[in-house]
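The structures come next, written out as structure tokens.
There are two complexes below, and they share chain A, which is joined by chain B in the first and by chain C in the second.
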Partner chain A sequence: MDITAALGFLWDYRLALSVGLGNTLHFTALGLVFGLTIGFVVSVVRQAGHPVLKVIVTTYVEIFRGTPVLIQLFWFFFCLPAILGVELGNVFSTVLTLSLYMGAISSESFRAALKAIGAEQRDACVALGLPARVSVPYVILPQTVLRAVPTLLSNCVTLFKESALVSAVGMADLMYQGQMIADATARPIEILTATALIYFVIAFSVTRIVSFYERGYLARMRL
Partner chain B sequence: MGRYTWDFSVIAANWDPLMAGLAVTLQLTAICAVIGLVGGFLVCQMVMSRIAPLRWVAIGFIEVFRCTPALVQIIWIFYCVPFFFGVFYDPFYMAILALGMNITAFNAEAYRAAIQAIPSSHYDACTALGLSPLKKTLFVILPQAVLMAIPVLLTNTIGLLQQTSLVAIVAIADLMYEGKTLATQTYRPIEIYTTVAFIYFALSVPLSQVVGLCERRLRSRLA
Partner chain C sequence: MSSSFLNVQGLRKSFGGHLVVLDDINFQMEAGERVVVIGPSGSGKSTLLRCVMGLEKIDHGRIELEGVRYIEADPKSTKDNFVNIPVRNKVGMVFQHYTLFPHLTVLGNLILAPMRARGESRSSSTERAMQLLTRLGLESKAGAFPGMLSGGQKQRVAIARALLLDPKIMLFDEVTSALDPELVTEVEGLMLELAEQKMSMMIVTHDMWFAKRIATRVIFSADGRIIEDAPPSKMFTNPAEPRTADFLKKVLHVETIS
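Showing the complex of A and B:
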């Protein structure tokens, strides 16, 4: 295969691919913001919440961790609008699915980090008479986040990779654009390899950051 | 709120194709899980080998498969392997190839973490007893590594069960694909997708219970 011809061919489709990449990053970013929020709230509720609430959020986490993301996407695309009888919009369904999935997987990371906080810290909060609305944001949250960062970043990479599935419901993300170009030009090798490379470069950089953080920062803090 | 009348008779009417799909899903999962358990250990040994080129190949393999979406891997292998190697296998074997390599990469990391947790005194003891490298690996390292890695390996296997749903996109008649086809044929996506999701869920939950049990037993054993 001629490398320069392949690169020239890819260069012709740079706009389509960057639009796809933009969409992928857009969906991932929205999924991250909402997902991490859901994840933290869920982990706190599972740690210390009303028993009924606990059952509800545990069921939620189990369902979203126990079913393929693909079926979750199909369900939110085709079933939820029909059940509710309202048009939800493609972007809304996509972001909703990704956020709920991210919420479920990140809640486990938060939970592990919460468990790692010593009981004496909680006792200290009680002894100092701090109510939950003070102790959660100022004592629990900072430590949890610090400890959970490596796993959360791996969760982010997972979400970024899983976001490729939205191509299956016709959202124009990087994977979708890649497949469309491959089908239209009948040259799948160059374009699919380029798509894979783009995913790889982004995901790989994040995983490098994770191990750098773990080795440097966390080791120094002895967490 | 729209009024939707549920009609689960469609599931009973199409029970056979759904079960046929489930059989394909289970076959894929079982075959790839075995490949992953064996291959993962081998790749992990390569990563820890003293021969540098072996190490590089193994690390490259792991990073590529961990840092790209499984969907991209499956589609890339479907389009590009026949082109590069001039072979064309049955789609089912291509799917095994893609998913098997994916789980191998993830399991290799699980084994590596477990092996690194083996205290160095065990290695010293092996040297002191004059055990050959092969004996050391087979009888000292492997059993401990497998034991310590069981929770992560099982979690990876649950992940694999869910990843197999991706082969529906390349038209392999697994559970997801049968569900998709039936949903289009019967105009009853809600009942069908819900049932399919429930089947995946019902398969994952017992497995994740086993993971929890293993973790607790390991912790009490090591404590």
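Showing the complex of A and C:
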């Protein structure tokens, strides 16, 4: 295969691919913001909430962790509007699904981090006479976040890659654009390889940041 | 109300209502005394210290410091104990596993409570912390994170952190049990230094030689009760209770061969 020709061919479709990447990043970013918020709230409720609330949020987490994202997407695109009898809008359904999925997986990360702060740290807070207004923001919260960061970043990578599934419901993300160009030009090798590379470069960079953070910052503190 | 410095009255503590760990403990100590609590595992030694620190909810009884009640159980109710926090804050405690805050530097660990809970300025608390660290030979570690220190250094930092709050009494719960043998001396040495300064202390330890050296009084507890209470000279050479003699024979024998 002529590499120069392949690169020239890809260059012709740079705009379409950029639009797709832009949409992928857009969906992922919204999913992250809402998902992390949901995840944190859910983890706190599961740790200290009302028993009825606990059952509700635990059911939510288990359903979203235990089913394929693709089915979740289809369900929010086709089943929920049918049940409610209203049109939800494609972007809304996409972001809703990704946020709920991210919320479910990141609530587990937050929960594990909260649990890892042992009773001993709480004992130390009492022995030092730290009231909750000091111990929560200066002892509990920073340790929870520091511990949760590696798994949360991995969750972000997962969400970024899983977001390719939105192409199946016709959202014009990177995957969708790649598929369309491949179909239209009958040159899937170049275009799908390039698409995969774009996903890889971004996901790999974030993964490297995770291990850098784990080896550097966390190791120094032996958290 | 008693005139004792520390006064524990009718203390009862159970876990889940049936597993009784401390049963009707009555105990007084005077300022400057160093009481070492010894006894078999599960005899409630650590729980007694944790109750005095206010870390455990007690079922029954009352604890006073300098004549002021600061913890009391309401026997008619299952609600939380009465706690007078300003008085409880005059009690300091050091734990077996250091319990330093891993995300803060040594200096950060020391000044957190004075600054954030007691309203002392950063400059004043830093100055006092650095003076104390210098006294302990740890000034070069002020900017280090706890994870970078040896066990002995960590435990001395933990002691310094408690001391910076000017406690009236210090509780030491098996503070050398997690340390490698060669690091035990530096921590015990610091405790002996505090003893010279007439710090009031309650100490739970498995190290009978250290107990003998630091104690002004030794308590032998078993099955949640105080079996014997005597000065170290009497306790270790001529205990009155057969259970004490039996226990000492076992641990001292183990220690001589180990």
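Criterion: the second predicted complex is superposed on the first by the 203 of 223 C-alpha atoms of A that agree within 3 Å, B and C clash if a C-alpha of one lies under 4 Å from a C-alpha of the other, contacts with A are read in each partner's own complex, and residues count from 1 in each chain.
Simple rule for what comes next: a residue touches a chain if its C-beta (ideal position, glycine included) is under 8 Å from a C-beta of that chain, and two chains touch if they have at least 3 such contacts.
Since the structure is predicted, the reported quantities are computational estimates derived from the model, not experimental observations.
The wider contact with chain A, measured as residues touched, comes from B rather than the other of chain B and chain C.
In the superposition on chain A, contact of A:128 is made with chain C only, not with chain B.
When the two complexes are overlaid on their common chain A, residue A:71 makes contact with chain B while staying clear of chain C.
Looking at the shared chain after the overlay, A:186 reaches neither chain B nor chain C.
Of the two partner chains placed around the shared chain by superposition, neither chain B nor chain C is touched by A:52. In the superposition on chain A, A:3 makes contact with neither chain B nor chain C. Residue ranges of chain B in contact with chain A, taken from their complex: 1-4, 63-64, 66-73, 75-76, 79-80, 83-84, 158, 162-163, 165-166, 168-169, 176, 179-180, 183, 189-190, 193-194, 196-197, 200-201, 204-205, 208.
By the touch criterion given at the top, residues 120-121, 123-124, 126-131, 134, 138-139, 142-143, 146, 219-223 of chain A touch chain C in their complex. The residues of chain A lying in touch with chain B in their complex are 62-63, 65-72, 74-75, 78-79, 82-86, 157, 161-165, 167-168, 175, 179, 182, 188-189, 192-193, 195-196, 199-200, 203-204, 207.
Residues 50, 53-55, 85, 88-89, 91-93, 95, 97, 99-103, 112-113, 116-118, 145-148, 161-162, 165 of chain C are the ones that touch chain A when the two sit in their complex.
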